[in-house]
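Should a chain be cited, it is by its letter among A, B, C and D, assigned in written order, with residues numbered from 1 in that chain.
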Amino acid sequence: MSGNTFGTIFRVTTWGESHGAAVGVVIDGCPPGLPLGEAEVQKELDRRRPGQSDISTPRKEEDRVAILSGIFEGRTTGTPISMIVRNRDVDSLPYEKLRHTPRPGHADYPYDAKYGIRDHRGGGRASARETIGRVAAGAIARKVLAEHGIDVLAHVIALGGVRARESEITPALIKENIEKTPVRCADLNAAEQMIELIRSVREQGDSLGGIVEIVATGATAGIGEPVFDKLDADLAKALMGIGAVKGVEIGVGFRCAGMKGSEMNDAFEISPNGEEVVVSETNNAGGILGGLSTGAPIVCRIAVKPTPSISLPQKTVDLRTMQETEITIKGRHDPAIPPRIVPVAEAMVAIVLADHLLRNTALKPHTKTL
Amino acid sequence: MSGNTFGTIFRVTTWGESHGAAVGVVIDGCPPGLPLGEAEVQKELDRRRPGQSDISTPRKEEDRVAILSGIFEGRTTGTPISMIVRNRDVDSLPYEKLRHTPRPGHADYPYDAKYGIRDHRGGGRASARETIGRVAAGAIARKVLAEHGIDVLAHVIALGGVRARESEITPALIKENIEKTPVRCADLNAAEQMIELIRSVREQGDSLGGIVEIVATGATAGIGEPVFDKLDADLAKALMGIGAVKGVEIGVGFRCAGMKGSEMNDAFEISPNGEEVVVSETNNAGGILGGLSTGAPIVCRIAVKPTPSISLPQKTVDLRTMQETEITIKGRHDPAIPPRIVPVAEAMVAIVLADHLLRNTALKPHTKTL
Amino acid sequence: MSGNTFGTIFRVTTWGESHGAAVGVVIDGCPPGLPLGEAEVQKELDRRRPGQSDISTPRKEEDRVAILSGIFEGRTTGTPISMIVRNRDVDSLPYEKLRHTPRPGHADYPYDAKYGIRDHRGGGRASARETIGRVAAGAIARKVLAEHGIDVLAHVIALGGVRARESEITPALIKENIEKTPVRCADLNAAEQMIELIRSVREQGDSLGGIVEIVATGATAGIGEPVFDKLDADLAKALMGIGAVKGVEIGVGFRCAGMKGSEMNDAFEISPNGEEVVVSETNNAGGILGGLSTGAPIVCRIAVKPTPSISLPQKTVDLRTMQETEITIKGRHDPAIPPRIVPVAEAMVAIVLADHLLRNTALKPHTKTL
Amino acid sequence: MSGNTFGTIFRVTTWGESHGAAVGVVIDGCPPGLPLGEAEVQKELDRRRPGQSDISTPRKEEDRVAILSGIFEGRTTGTPISMIVRNRDVDSLPYEKLRHTPRPGHADYPYDAKYGIRDHRGGGRASARETIGRVAAGAIARKVLAEHGIDVLAHVIALGGVRARESEITPALIKENIEKTPVRCADLNAAEQMIELIRSVREQGDSLGGIVEIVATGATAGIGEPVFDKLDADLAKALMGIGAVKGVEIGVGFRCAGMKGSEMNDAFEISPNGEEVVVSETNNAGGILGGLSTGAPIVCRIAVKPTPSISLPQKTVDLRTMQETEITIKGRHDPAIPPRIVPVAEAMVAIVLADHLLRNTALKPHTKTL
């Protein structure tokens, strides 16, 4: 109800503020008997961690996870899995002078309006550190998915004006290249240009936006729910709920507005590789029809806005005096969020898919009447 | 859990199949004491109704709503409001030959995969008739919003290749022009071109996609929840959950990918009209920061795919024989969905806002500490 | 959120007022492929129906159910099942003079306090007619349970001062005798006395309370959830949520307060009938340990208060004038509710079990590590 | 969905196993601006803590709580409150030989059946240590209630065969006497007898059950929801969901079965103390009618079974060999649970009331039409 829980069967609740004692997550509804250790969660957190390269925030957090419950002798028990990461490299001083002057592009002002009280240090609850819980939960969701042969990959396809050559990017190429550069773009030429652009914009005290694509492979047909909890609806919610995301597309997305039905529809055929299974040569639908998976790869794209924390002067209002004023933001920030959103977006898609997989399990058909 | 309910406090549950006895909706969580009659609901249903013009489906449904509960002497009582619309002009014959051959672009194939049984007549549960319940619920949500001075408007901004001159469109203009043409585009010149295009494409047996924009005015700052149930996340879910929608944007949406922070951030200032209130001259954020409303108009855009039902021949598979085959679809269909999605999109946005308004009411701050 | 929905996967939403147009129910989350027809639902409604004997309310309602959705060619489709029963024999006149004088023992006064508006006719939403939806949903839950060999039976074990000889009552005897008398007591001698008592108390214009026992047989071990959603916790909620119920017991219930651990604990043994299965000779726990089923019959008992509508004069307050006054209630009422609560209690237990059965299905263990 | 979360607006999620690293709780939906410190939570935990007297378990746990989030400068912020208590005095050795031989009266056997894997040490998730999270959450719920003048008190009214003289017990007396003896009985004579009885039964290696009463004062009329989420239904769920509880009563409870309507109904009158408010001289209903509070004290009673862990030999089955065997339980256990359940029962009632209070806030009437 208050927005900190996601999912219906595989339920993820995150808690914690950027400069509080810790951040964490509780997962309720993970199937029992799944092999799980801290190392698997840590691996994903390490991908999310700040300070991984010179083009990311200099905040140094080891982000060491501890699993406090729900695991027994290396396996999940079906009881809640509680995970915690301590906040260590906290420097609240730069935020003190921003306490009453909301930063443009940030949650400060509406948080004040909603709650009347706000932990302003490091963005408080609205900090990107909250996503630690998501990534930790995603690591476990991935394990649920792996048992069903489903994998989730994300990569940066646009950053500032630079765009990857999308037509040449395959899941295999993403896997190969994704961690080769700090921008997480599978097209290595584009990656190089993106890095240069980030460096130049950072020097100007400014920031860049971009586009991230997420691909889930291996899902069979029929995963999802109809009407309101469509698979694409839940993916849209999960992805739009990541800070800085301003748009979500499935398949061809906004391009469909200019297409005709005869171009858009993915014709059905029998799999050319000999299996007696229904497939489509094209995948304009992005693997989802009527809110349910079709068996084709599930393809989403998200628009990520430029980091709102910039060191250029910005106009704002002092909420005590209600006078206009100007601020410059000197904290430690990523000049471009898309590369760091990659593991978060993967996590959210994994959580949605794991949840829907379990929802499908709950209501298996009693009969196949065809 | 099974996807047919939306909302947390203002909860909407729809039911019914296209060619079943009726479709309907139950709303639980509507505040008591609200003046409400069938006429107000009927007005919105009339906007959604098929057969309103020569460019829409010829299915003739009066779509007369009956409110069966939750109203006493012209006011809501706080108990569930059940509304029902009978299906009358049902013609299931054309669907019989499509029973085992899933239509490309439709939910048929994944429904079969998920449920093992499916009411194939008129698309069954996946039919656009399901949105009757949404629009009826939206009519009531609008009444909740009206008490707080919030209004929701949608209009078509692109159809096929034709695009409205967006820069000239104001909420007032939308209100004035929206029902003047059957395409519901506030730019009347563009509207004319859209209508011509629809006619020509329909003659080819094909269909068109488009873009619809939804604007909510009057919301004060601070409506929404943080983290997962962000206002934009719930809007994305609500809108992506409408059939045929393949993309959702908030504010500048995907354009943010090419912007710099200094361009994207909406600077805060004191309202130039004399009120001591924080506002922004620009509204790139689309009225939402950190998942909460800022007080600026809330602006969403959705990409609507071309109607998948086209009369051109399409490849598919007969699921009994698992042989490839070809179908042509002769039912009664809209060649372009965007104009008819307008009242549905308005309804979904109204439902999200009413729900979040009530969520905010539940957790009013105990103190204003600033 | 607003109290009209029950269940997590098998979700039941009821709507409707006693003297409104109709009452009804929507079930979302029923597994697809289940054979189902109106006759099976009608059979349970007929057991609930008023006017079945001379010791029940003379209101004459045929209570004919119509299933409006979710069924296709005699099977459930996995989509919402909407059922409706029209209100026909409505006589609101006697209620007019009770509009502002809350009836003692009824919901009138707190409804006014909560909602500020109330359909006073026939008790409005708080009428026992609301249970039509529960019984209709229960009929479907029973079908889900039947597929797993689970059956639910209820019977009256005490009415006024008369108590059935419980030690002699077996599930088989309940099945045989339950519908033989209008009091639904399996001990036919006790039943006779109960009937006489009801007649005499009714003549005095007064009413009687009683105790109903519900037994569910056939559930295997391990159904339920830990901690908050324990099977007994959900049963307690489901049963206490029936109007007029003031107490719920599982197994020996309140008798446990005077027992020692060595008496209370049900020792485990291998089934004496040759199967290699863990059983207990005694069943003090009522088939539930730690919130999960043990494999023994699940046994609940509920205390049902005497009908609050009595024709003797009662003190109350006129809420317009805030003056004390006196009322006598002349409506059509059952002098004893327990017999009519039998099908409702069965329905609620069936709904809880069906829901927990599906919850268990959703999270099947990945491995058996023992 | 998986049973570890309670509440709709004020949502409580507990996690942790008895012999794991820690136990904890996350509360989402606490109103912002509420003054709160660890001391207030610690005070309630100290009442729950083991080892408080010679008639309770000798397990020595300091149970020191840390609040990790959701508080800023001494006030709640409206974001999730995460609290953690480390497990320190863990002795898992005695449990090793019980790993495959389920203890009668405990959750062991059905947990194995449900999950296929189980942390058997100290009862794992089914341990009474799980209630730490409930009591911590209850301490915060109490603060929400205090702002509305609501207080919650519990006390032991029966233990073994000893029964307190209930007619003489007032809320003031409970407050005065409750912590004077380790059995938490307000009737000090009865308390003395209870203590003696506990000592003698413990020497026999056996245990005792009892009855706890919970009284909530100060609630105005109209709190609760109709139909399924009745206030008494949610109280029944909350209380039956506490380990060892086998029965729940509201008001006169099971005594109503032998009463007539004319005896049971609480007549309404104008408050004799001069306020123009509707009250009742009697309170047979226990402060709840139609699932909503009446303004009278809310009175619940629970039956608590004797501690299942006894040191007398008990029959059970070895689940590896499926052979019958015998166990004696040598852990550290309370010979009687009722005194220690007192703070847990108070916490659960406080959580239910706080949640329903906020639910009422969300849907305030738009008008008072009377």
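Keep in mind that, in the parts below, a contact is a pair of C-beta atoms (placed from the backbone, for glycine too) under 8 Å apart; a residue touches a chain by one contact, two chains touch by 3 or more.
As the structure is a computational prediction, the values presented were derived from the model and not from experiment.
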Copies subunit B and subunit A - interface residue numbers shared by over half, same or different: same
Pair of chains joined by more contacts [C-beta pairs], B-D or B-C: B-C
Inter-centroid spacing, subunit B versus subunit A (mean Cα positions, whole Å): 25
Whole-Å gap separating subunit B and subunit C, where each centre is the average of the chain's CA atoms: 39
Rounded Å distance, subunit B centre to subunit D centre (Cα mean): 45
Residues of subunit A engaged with two or more neighbouring chains: 1-5, 8-9, 14, 29, 32-33, 75, 78-79, 114-117, 125, 226, 359, 362-363, 365, 367-369
Contact graph of the chains (line, ring, star, complete, other): complete
Touch list for subunit C against partner subunit B, complex: 1-5, 8-9, 11, 13-17, 20-24, 26, 28-29, 32-33, 66, 68-70, 72, 75-82, 84, 114-119, 124-125
Contacting residues of subunit D [partner subunit C, same complex]: 1-6, 8-9, 12, 14, 100, 102, 104-117, 125-126, 130, 158-161, 201, 206-211, 220-230, 232-241, 243, 246-270, 276, 278, 280, 285-286, 289-295, 303-310, 312, 314-317, 319-320, 322-324, 359-360, 362-363, 365, 367-370
Contacting residues of subunit B [partner subunit D, same complex]: 1, 9, 29, 31-34, 73, 75, 78-79, 147, 226, 358-359, 361-369
